[in-house]
Amino acid sequence: MIVVTGASSGLGAALVSLYDSNQQTTFFTGRSAEKLECLNSTLTHSLGYHRCDMAVHSEVAALFEQLPSTPKTIIHCAGSGYFGLLELQSPQAIQTLIANNLNSAINLVQEAVKRYQNEPVTVVMVMSTAALQAKAQESTYCAVKWAVKGLIESVRLELKDKPMKLVAVYPGGMSTEFWPSSGKAINTESFMSAKDAASMIYNAMSAIGNGYVSDITVNRC
Amino acid sequence: MIVVTGASSGLGAALVSLYDSNQQTTFFTGRSAEKLECLNSTLTHSLGYHRCDMAVHSEVAALFEQLPSTPKTIIHCAGSGYFGLLELQSPQAIQTLIANNLNSAINLVQEAVKRYQNEPVTVVMVMSTAALQAKAQESTYCAVKWAVKGLIESVRLELKDKPMKLVAVYPGGMSTEFWPSSGKAINTESFMSAKDAASMIYNAMSAIGNGYVSDITVNRC
Amino acid sequence: MIVVTGASSGLGAALVSLYDSNQQTTFFTGRSAEKLECLNSTLTHSLGYHRCDMAVHSEVAALFEQLPSTPKTIIHCAGSGYFGLLELQSPQAIQTLIANNLNSAINLVQEAVKRYQNEPVTVVMVMSTAALQAKAQESTYCAVKWAVKGLIESVRLELKDKPMKLVAVYPGGMSTEFWPSSGKAINTESFMSAKDAASMIYNAMSAIGNGYVSDITVNRC
Amino acid sequence: MIVVTGASSGLGAALVSLYDSNQQTTFFTGRSAEKLECLNSTLTHSLGYHRCDMAVHSEVAALFEQLPSTPKTIIHCAGSGYFGLLELQSPQAIQTLIANNLNSAINLVQEAVKRYQNEPVTVVMVMSTAALQAKAQESTYCAVKWAVKGLIESVRLELKDKPMKLVAVYPGGMSTEFWPSSGKAINTESFMSAKDAASMIYNAMSAIGNGYVSDITVNRC
């Protein structure tokens, strides 16, 4: 079973569809029950979904309680964007950004580690190329993405010699619903589609013999 | 005038004392009015203090309103620590960690940029060597410190060609009140004293001719 | 046509075999004509090989002159290892290390950029996880691998808006001929086989729509 | 005694003068005996100089043999620049760049570690902001500077618990003789003077109590 967060739309939804079309069972979550139901109706291998705000620790704990079995892979796609000059950003929107990206990642990783650290479970943390470099007009977005990278790299050290693995995925420039509401006017025509990004990430993730692909960056051409 | 946050104790308090003993006027803030008053009573060049929780945006805005003049330098020392295996950390304590370190830094930088970006004001962001590397049992602490680094590096790009400058300071292993309450048992005997760290940082920060020291790491021997 | 360097053994040889078994034509190079001939005799889609020392610029230029057509992908696997405490390393062996890793990468990238920067050619630079972090007893090896990363990241900036793409691959802990002669006693039983690493890298490299996988790290479980 | 390499001109010469004017004895080296003699004639605390090409291991070993006593600090400023698009760079000039920057740094650190790792000697490695980020038209220069950073960070791990310390200095944009011959046309008017950079680095380097300043970046305003 593949668990996917942030599956209401974008990369998360595309990954659920892709795993489904490859005969893998999925269980997914997102903030919009309507969109999750809509996605679910298109699937043939779904084990269901559970609406949840990943930023709220108790909801994440409840999500894990709901899982029908131990997942093989948990892919954390939940997140949101917020851009523009720092001086123009609103404190409320910054708080939402931190909650949706940093709190949600901490909650996900913490609950996964608590329950599955001694099992061969792979946790895939989807971040952004903003986690890898500084960008003007993306200061708070870079901040929360760098935070998630710092979290992941540190937890990897805690999981040394454990069968659980953390995979880091850094997509850059996807054209999702994310942008129109992000506060930054951008022509996304040359951006990757979520479907294409999902395919590349799906192909790239593998574990063979003694090894596994631990970090993947996907960029626009 | 030098503005120092996190001046109730530790490095912040030591820096205020050091600037004062070098005949520089200071204005400072912290969460404990009692400790700020205690520090203030030892100074000869103080312009006063203002109790404030840097994690609350409106309080930071009020702090800047209170400043008696445009500061030459603003040194952000406010922050707190929280350590231990991720699986053992409490959601509430993690929330406090994010507030004290990430929200406070965003609030400070945002208000400073809004008001002073076109003036030769230096904003010194004191982080930690945890902002530079991953560490087991410091996953959420590294997360918030990496976040602040991502913020700073991005805002530097926004301030390109502006007279305001951001200086990044990364101290490692100081022996402050910070540790006993941090959840990690550590022998801090070989750690730097806050006073010594303050002296090294004070000496290191300079701007001569067309240049300035932009990044400083201070480590234990 | 896929061009592979360092194909005498290890990952390079494994990649040639893998592309061949996937019906893709290859042209390859290495320092041992005997081993190249041996590999060639096992292939069904080979366009041939050319013995060459990638550390010698004129030999690399000659290699490119020999290519039967414009390659779709050039995979640079050539390199060598040298480990142990810095104080115990020999100046001659360090010089060889620099030549085999840094000079060879510069020569390869320079000649590829000169000839193909305006064509949709993908240059894959296989480095090592030693390019991503410092390691005791691998100081000069890390030095040359960090160098190649600095080269690649800089040339990416030069190629902005060009159809040529650079892909960075960071394998960690492969069990190849590399180790017995590397000066560091290591039990490589838990290491990845070159064949498995080749498979994972092969699967991970893709370009779909507007995007491509630009960076891949493969690690031991 | 302070030992300074690359003292024929630029930052190295400025540091020698500065230490001399602060009543500290110096011993220095460079490639031009004439310039070293010229510098020497202006000093009052010089212990002499020794002409040497730091890229040649045997010459570096001979330099260390010549040192009149165990140095307190060794500051490695030797290096050279070479810029421009990769496709336009000459193999010979690249070889010189590698020798002057990477070989020289390896030679210096290796000989210092061999002789002084168990003494409280500080080795200061002067690199460049090019060691910290990728830059178009500086690909090979970034390569060699990233290499030196990888070397230093790795040797720090080897020296853990030893009294010898490595200090990393990253100056950006100095106006030295370096540029006119570097192959990149640049208006250096807004650059730092070597003298100013030397003052800032001199002020920044300190060790007090249990701590020391381990990393310093100096940038143009």
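A, B, C and D label the chains in the order they appear, each numbered from 1.
We adopt the following convention: a contact is a pair of C-beta atoms (placed from the backbone, for glycine too) under 8 Å apart; a residue touches a chain by one contact, two chains touch by 3 or more.
Because the structure is predicted, anything quoted here is derived from the model rather than measured.
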item: Minimum number of chain-to-chain contact steps, chain B to chain C; value: 2
item: Reference chain A; chain at largest CA-centroid distance; value: D
item: Centre-of-Cα separation between chain D and chain A, whole angstrom; value: 44
item: Separation of mean Cα positions, chain D and chain C [Å, integer]; value: 32
item: Touching pairs among all chains present in the structure; value: A-B, A-C, B-D, C-D
item: Chain D contact footprint on chain C (complex, rising order); value: 57, 85-87, 89, 91, 94-95, 98, 102-103, 106-107, 109-110, 113-114, 117, 131, 134-140, 142-151, 153-158, 160
item: Complex contact set, residues of chain C against chain A; value: 163, 165, 170, 173, 190-193, 195-197, 199-200, 203-204, 206-221
